[in-house]
C-alpha cells in the first residue's frame, strides 16, 4: 500500500493539513485538527493563523503537543491576542474566518453533520453523543469547512438522524441562504481515512475527488450508504510523506496518543 | 440670604452631592456631576462607587479637578476596573446602577427631559443642542435619577419641545412600563439653584420638596411655566456649608472654572 | 414579533425586570469582605433546583473544587450549563445532583450519554457559541440576542431559540434567550477580599458569567490587596459588585490547569476517563476524590 | 417581525452577507507591513461620501491627527458618528467635509448647532450608548441588537431604531441597526507594523470600532515588535487582520490626551471653544492648525 507504514489517523491528519492554505485564518477544533494545524504550519503554511473558540488568536502551539487542552498555556503559546469566545465567534460571523475543521459522527450526501444522537426518536435516542460543541458555529460561519471523518459505512448515511450542523440541507439551490445562513458557505471538503470528497457546485451532492494511492474508487464508495458523485478525474492521494511522518512522530506527538500506532510498532 | 456668599453652581453641586448615598453605585455625567461626586465622596459618601460611561469603575478622581476630561488619567485615577462603554451600559441595564445625575435644557411636569432642540418643528429647529449624549441611557436605566438644572422659567415647561430622555411620559400610571422601560425607574429629584423637587407617587407630577433658606415657595414656582404640586411640609434647604465650600474651593476647583465665582470675589 | 420557528427545548426566561429587581436589592454595592470557606459559599448560594453555570473548561481554569463541594453537599435537581464541563457534568450526574443540562458539549464518558438515553438526565440543545451568547444576553440585561448560528438544524428544533424575520434585512435570523443562572462559578487567578477579580490568558466568558448570574461564587488562586487592584485597573476582569462569595482555593482547578500557574494533570484525566464508562467505577472515583475529603483544603 | 414603531431618521443598513463578502476579499489575513504616512492612509481609505467612525473622545485618545488629515485632503459628503467628537465634528463641518452626523453628542460650539438649524448638516438622533451598541452589532456581524434605551422618546422617533414585541417576554423592546462604517479611526498606545494594537486605560469601543469598520486606520504613539505582542497576548486590543493602515503619530491625539503618556492641552481647547462660536474665527483656527501644516509630523 505504501513504502512506510502509517495509521489511519496519520493519513487523515495529513490530508487535513494539506488542505490548510498559507496566510489564512483557520478555526481549529479539538483533537486531530490541532495536530493538523501544527503540521501545516511547519510545512507549507507558516503564516496561517490559528484561532480557537477559547479566544486564542495566532497561537504557535508548543510541541510535543499536550493532549486535551485547547486553552492551556502550551497550546496558546505566543499568541497574537487572547480574547474570549464571544469575540471569536463574532469574528467568524463577520466573515473573517477562512476555514474551519470539524469531526462528526454521521454525514449525509449534502454534507449535513450529526454529532448529537442516533435513532429515529430524539427523545429516546439509541445512542447519545456530546452534541454540537462549536461545530454548528464552524459549519455555519466559516467560508470553507473541512470535515475529517473515519471512512466507515455507518458514518456516510443517506440522511443523518439529527442535523447538528448545517450542510447544504436538502440540496436545493439557495437552501442555506433561504434559511438565513451566511451566503457562499458550507462544507467544502470531506477528508477520510481512504478518500477525499468535495461538493458539486450545482447539485450540492458529495463528490469523490480522490482516493488514497493503492485504493480504487470502489474501495471508497462501497463503504458508504449512499453513492456520491464521482469526479471526472479522481485524484490519487499520496500517503503521508516521510517528512510529514517525521514531524508528526518526532516533533508533535512522540507518544502517538492521537496519531495512533501502526502495525509495525 | 446666608452668612457666606456662594454661587448658584455651588448650591446646585451641594444639593446634588447631598443626594448621593454612601455605598451606592452612581453613574456620573459630565461636568457638575463630577464635582458633586467628589464632594460627596469626601464628606458623607466615602464608599460610593463612581462609574463613567467611558468605562471607569470606582475611580477616585485626583484634585484639583481637571476640566473637560472624564476618560483622562486624573479623573480615572485608582479605579477598581477600566472597562468600556458597552460594558458599563450593560451594567446599568442589568439594574446595577443605583443613581444617575443629569443636566437638561428643558424639563416638564412629568420629568421628561429635552437636551436636543427648541421649536415646534424638528426639521427646522429654533435652536439646536448637543442631543442625548448618555442622558437617555441614564434616565432609562438607573434606579434613581437626579436632574440638576438652573432655576429658570424657560427651562420648566408644560411640555418639552423634544423628549430626549424619558420621564414619566404622560404621567398615566404604568406609562413607562407599558413602553417597555425598566420597572420602577424614572426621575427622582430635580435639584435647582433655588429649590428641590421630587415626583408624586400617584400622579407622577413634579412636587416641590424644599426651597433654599431665605426663599419662599412662591420664589420658586413663579419661575416655572407650570405649577408643580407642593409638599405638605416644604423643607428649608441649607445653603452650602463652610466645609462644603472649603472642599469645593480649596481642594476640587481652586480656579473656580466650574463652581463659578461669587459677587464677593 | 412574527416567529417563523420556535425550538421546543425546555428552558426558562428571566424577565429582565425581575432580574433588575433582584440585582437592585440582592447585589451588594458596599465593599464588604466576602471571603468564606467553600462549604459556606455553596451552602449559602447553591440551592436545590438551581440553574448553575461554570466558566471555561474542565481542562483550563474551571472551578473544579466548587463543583466537588456541590456534589459533597448533595444538591439535587440542578440544571447545568454544559459547555466545556467535559468532566463536571458527568461528576454531577453520578453524584445525583442533576435534573438536566444545556448542551453545549454534553461531556466525556459513556455514562452521561447513557443517562440521557434513559431519560434520567434531560437535555436542551444549544451550541458552545450560542450558550455563551445567552450568557452575554443575560449580562446585558436584554431578553435575547440575535445570531445566525443554529438556523436550519435540529439543534435549533430542540433548543429554546426562535427564528424571526429580521426587520432590517428581511432575512431569517435566530434569537437566543438570555440565561441568568441562579449561580455562576468562576475560578480566577487573583482577587481582593471584596471580589475584584483578575483572570489571565484566553478565556470563555468570565465577565459574562459573573454579570449574568444572580449569585456568583469565585474561587481564586491568590488573594491580593485592593491597592494592587487599583494600581492596574485594566487587569480587573470582574468588578466586586458582581461577586457574592470569594473562596480561597489554590490549585482549585485540578485536575485542570490554570494558565501560568500549573498545567493540567493528564494522568488524572486518564483515570477519570477510564472510570467514566462505568457506574461502579465512577462511584469509586467520587468516593476517592470527593466524598472522602472534607474540602478542597 | 411585527414592528410596533419605526424611527424615521436617515441611516443605512449593511446586509451582513455583503459585509462578509467584503471582509472575505478585502481584509488581508497575511501579516503584511501596513505602516504608511497619514496622507497615504487617508488617500487610500477615506473616500467622499464615506461613513466615518471615531473611537473615544476629543479629550482622550481620539485620532485627532487623522481627522485633521481628512480635512486637509478636503473629503466631502462624509457622514460622521458623533459620540465624543466634541471638537472633530465641528472641525469637519467647518472644513466642508460633512453631509451629516449620527448623534450621540453633536459637539461643542454654536456653529455646528447653527448649521443643523440651517439644514446644512443633517442629523440622525441616537445616544452615546446606542451608537456604541450599533458598533457592537456591526462587530458581531448581526443586523441589529436589542436595547431598552431609546424607548418612548423623540430620540427614537428621529433615529433608525425599531420597536418590536420581544417574543420571549411579550414586552416592547428597541432594536438598533448595526453600523459598519466605511472607515474607522482609532488611536492606540502601541502596535506592531501589521496592526496588532494595544490600548490602555478605560475606553469606549476600540475593538468594536475596528471590527465593525470595513477599513480601519490606526494611529499609534509607538511601534513595537511582534515579539513584544506575542509575549503578552492579553494586552492586544485589536488583532492585525482588522487593521488596514498603521500611521505612526506620537502625540496624535493632541489637543486631547493619551492615558499614561500626555494630558490634554487645556489652553488649546479654550482657544478652540472661543473660536467655535464664529465662522471666521474657525476658518482662522483651521488655517493655523490644519491647512498651514503639511502633516502631523
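Chains here go by letter, A, B, C and D, matching the order in which they are written, and residues are numbered from 1 within each.
Convention: contacts are C-beta pairs under 8 Å (C-beta built on N, C-alpha and C of every residue); 3 or more make two chains touch, one makes a residue touch a chain.
Quick caveat, the model's predicted, so the values are computed rather than measured.
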Any chain in contact with subunit A as well as subunit C: D
Most distant chain from subunit D by Cα centroid: A
Where subunit A and subunit B are represented by their mean Cα positions, the distance between them in whole Å: 58
Centroid distance [mean C-alpha coordinates] between subunit C and subunit B, Å: 39
Between subunit D and subunit B, distance of the C-alpha-averaged centres to the nearest whole Å: 28
Interface hub residues of subunit C, defined as touching at least two other chains: 16, 141-142, 147-148, 171, 173, 201-202, 233-234
Subunit B, residues touching no fewer than two other chains: 56, 76, 79, 82-83, 93, 182
In contact (per the touch rule at the top): chain pairs: A-C, A-D, B-C, B-D, C-D
Touch list for subunit B against partner subunit D, complex: 52-56, 66-74, 76, 79, 82-86, 89, 93, 116, 122-137, 140-141, 162-166, 169, 175-176, 178-182
Complex contacts: residues of subunit C adjacent to subunit D: 1-3, 6, 13, 15-16, 141-148, 162, 164-169, 171, 173, 175, 177, 200-202, 233-234
Complex contacts: residues of subunit C adjacent to subunit B: 16-17, 19-24, 27, 29-31, 139-142, 196, 207, 211, 226, 229-231, 233-234, 236, 239-242
Complex contacts: residues of subunit B adjacent to subunit C: 23-25, 47, 49, 56-58, 60, 76, 78-83, 87, 90-91, 93-96, 98, 143, 177, 182-184
In the complex with subunit B, residue positions of subunit D that touch it: 56-57, 59-61, 103-108, 113-114, 116-117, 119, 123, 125-130, 132-133, 136, 147-155, 158, 163, 171-174, 201-206, 208, 257, 259-260, 263-264, 266, 269
